[in-house]
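See the structures that follow.
There are two complexes below, and they share chain A, which is joined by chain B in the first and by chain C in the second.
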Partner chain A sequence: MLLGLTSASRGLVWQDWDDVYVVYQPSSAETHVFNDTTTLILKCLEHGQLSTEGVKNWTEAALGVGQGELAADEFAFAVGRLEELGLIERADEPIAV
Partner chain B sequence: MEQERDDGRSKTPLPELNLGRRRLVRSVTAAAPLVLTLRSGAVAAAVSCVGAKVIDSTDSAGKIIQPGSAAAGDTCVAGYQVCPNPGESNKIIPGANMQTAPVTSTGPNLFCGSGGGKITSKPVAILSSIALNSFLAKS
Partner chain C sequence: MLVGDLSHRQFAGRLASAGLGVQFGPFNLRIRSDLGSFASLAHHLYEPYPLLDAEAISDFHVQIASPRGLRRLRRWVRPQACFSVDGQSIFAPYRADHAFPALEWGINWCVATRAHHLLMLHSAVVERNGQAMVFPAWPGHGKSTLCAALIHSGWRLFSDEFGLVRPEDGSLLPVPRLISLKDASIDVIRRFRPEAVIGPAFFGTRKGTVAHVRPPAESIRRAQEPARPRWFIFPRWTADAAFTLEPMPKSQAFLMVATNAFNYDVLDETAFRLVADMVRTCDCYSLRYADLNEAVTELEKLSGSIDG
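Then we have the complex of A and B:
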């Protein structure tokens, strides 16, 4: 299972606010609050699709925490929520760009 | 940092994270992802309304004209305001000069109040006891 960014995620407007990011999504006119971990999940998909496990590993490495320290259920919840927001999408096969 | 898009609006790319500073204060639990979506002003402004069993009127004798699912033990409320939220016209919010009376039954008919305490010739909302508690808490 591969994860990839949607076109909506590429139009986000970011504002760094202390330890979190306030993120405006023009496609839905919604405003979100993300922390570093969520931001890294999106950031690691900037350069192309990656497996779910690959995204988790990359995010843990970028955060400087050990492998497995990012709880699988919390990671899965965040990925699911980002998918609901239309910011990432899943595909069994690579998505044509 | 800003990039100009074809439609003239600007967008910002994903930010460069200053993780060095943040690692100093991050615990393992802080690695949990945070995804919050703020409510829009319009949604936040939506009023919390209470659902009525029936919205009807009483006649000059205090009889509920079309009682529907109303039953003795429910409460009649007059002087309410209809919920202003779209699609919630069967709900109510407190009004300025409200009047309440228990639903009573006489034979097959239901009335708002009894004796001289009836609510007569007025629009009334019939609330269950649970809805009444919620409604009064908003008053």
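Then we have the complex of A and C:
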């Protein structure tokens, strides 16, 4: 299973303060508040599509925690939230964006 | 020419005929009314405001007047006053003796629902030395009371209700209208500054007891001078609370400013960028107070107006 960015993820406007990111999404005209984990998942996928496991590993490395130390439910929640917002999507095969 | 340059007779005559053109900061209003008691109070409280030139274009045509049609019977039995804008009645009729607060609320409604060329924060704003202090707050948190106290302590009034942000440059625009105080706040300000010009109390209105504070003439005279935001203060009056003024995380300040703006959703990305820019460049504090004098003194210290 691959994760990838959608076209809606383009043009996000970022404002980071402390450990919180406030993000404006032009495609929905909504403002979101992301934590580090959610932000890093998006940053990871800017490099291209990746397996769910690969994204989790990359995110853990970026967070500076050991492999497997990012709680699975926290990661799943962040991925689910990004899918709900239409910013990422899953595919069995590479996604054409 | 100011409202006060008109005799009462001239003032009432304009209200009852073509309308009285008055400038409130960036907004031109034409006001009509056939209510004699309204005219007397309006003449007194609007005295320092500039009149519009005859050829000036009005942003809003508002009216507070006796009902028409069958409702005219109300002229004798529990008389009423109807607010309308551009000929359309917006709200249910008010008691005739509440005509003045009804017009003031109606003008606020016009601004809040129509001035989408500006970002409108639900905030009081005051200014000193070219730097504005913005007080975003929800109703009941004491922003109008604090604002009324500050403008009688050397600060210039921008507004007790609207933080008007110009999208072109992020400047705040003054709209120094009357300050509507409610319930206990009325006597608080009467005691704080006995010389303040405050209109009569209106009892039993839809918002409780209200009275209107006329801003100092200096604030009205300088109503075309914008200022840059410098501080966001999130006030909360709480009886018997110890005074606190604590830095607030920028992310929290952003969310509080954005969520209490009147038209954040209307302006989309423009609003996001304006709020982000303001919060980034301002110092943000959470204020809790019970004593008005202490709050005013500490805010003056914060602004550097007096030595700490």
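Structural remarks
Keep in mind that, in the parts below, the second predicted complex is superposed on the first by the 96 of 97 C-alpha atoms of A that agree within 3 Å, B and C clash if a C-alpha of one lies under 4 Å from a C-alpha of the other, contacts with A are read in each partner's own complex, and residues count from 1 in each chain.
Note that in this section a residue touches a chain if its C-beta (ideal position, glycine included) is under 8 Å from a C-beta of that chain, and two chains touch if they have at least 3 such contacts.
All values reported here derive from a predicted model rather than from experimental measurement.
When the two complexes are overlaid on their common chain A, residue A:70 makes contact with chain B while staying clear of chain C. When chain A is checked against chain B and against chain C, the one touching more of its residues turns out to be B. Using the contact criterion defined above for the overlaid structures, shared-chain residue A:91 touches neither chain B nor chain C, since it reaches no partner. Of the two partner chains, chain B and chain C are each touched by A:26.
In the superposition on chain A, contact is made by A:18 with chain C only, not with chain B.
Look at A:61: by the touch rule set out above, it reaches neither chain B nor chain C. 13, 15, 20, 26, 29, 31, 33 are the residues of chain A that lie in the contact sets of both chain B and chain C, per the superposition on chain A.
Considering their complex, residues 13, 15, 17-18, 20, 22, 24, 26, 29, 31, 33 of chain A touch chain C.
Chain B meets chain A in the complex at residues 5, 9-15, 17, 19, 22-23, 25-26, 28, 30-38, 40. On chain C, the positions that touch chain A within their shared complex are 249-251, 254-255, 258, 265, 268-269, 272-273, 276, 280.
For chain A in complex with chain B, the residues that touch the partner chain are 10-16, 19-21, 26, 29-43, 46, 60, 62-65, 69-71, 74-75, 77-78, 81-82, 85.
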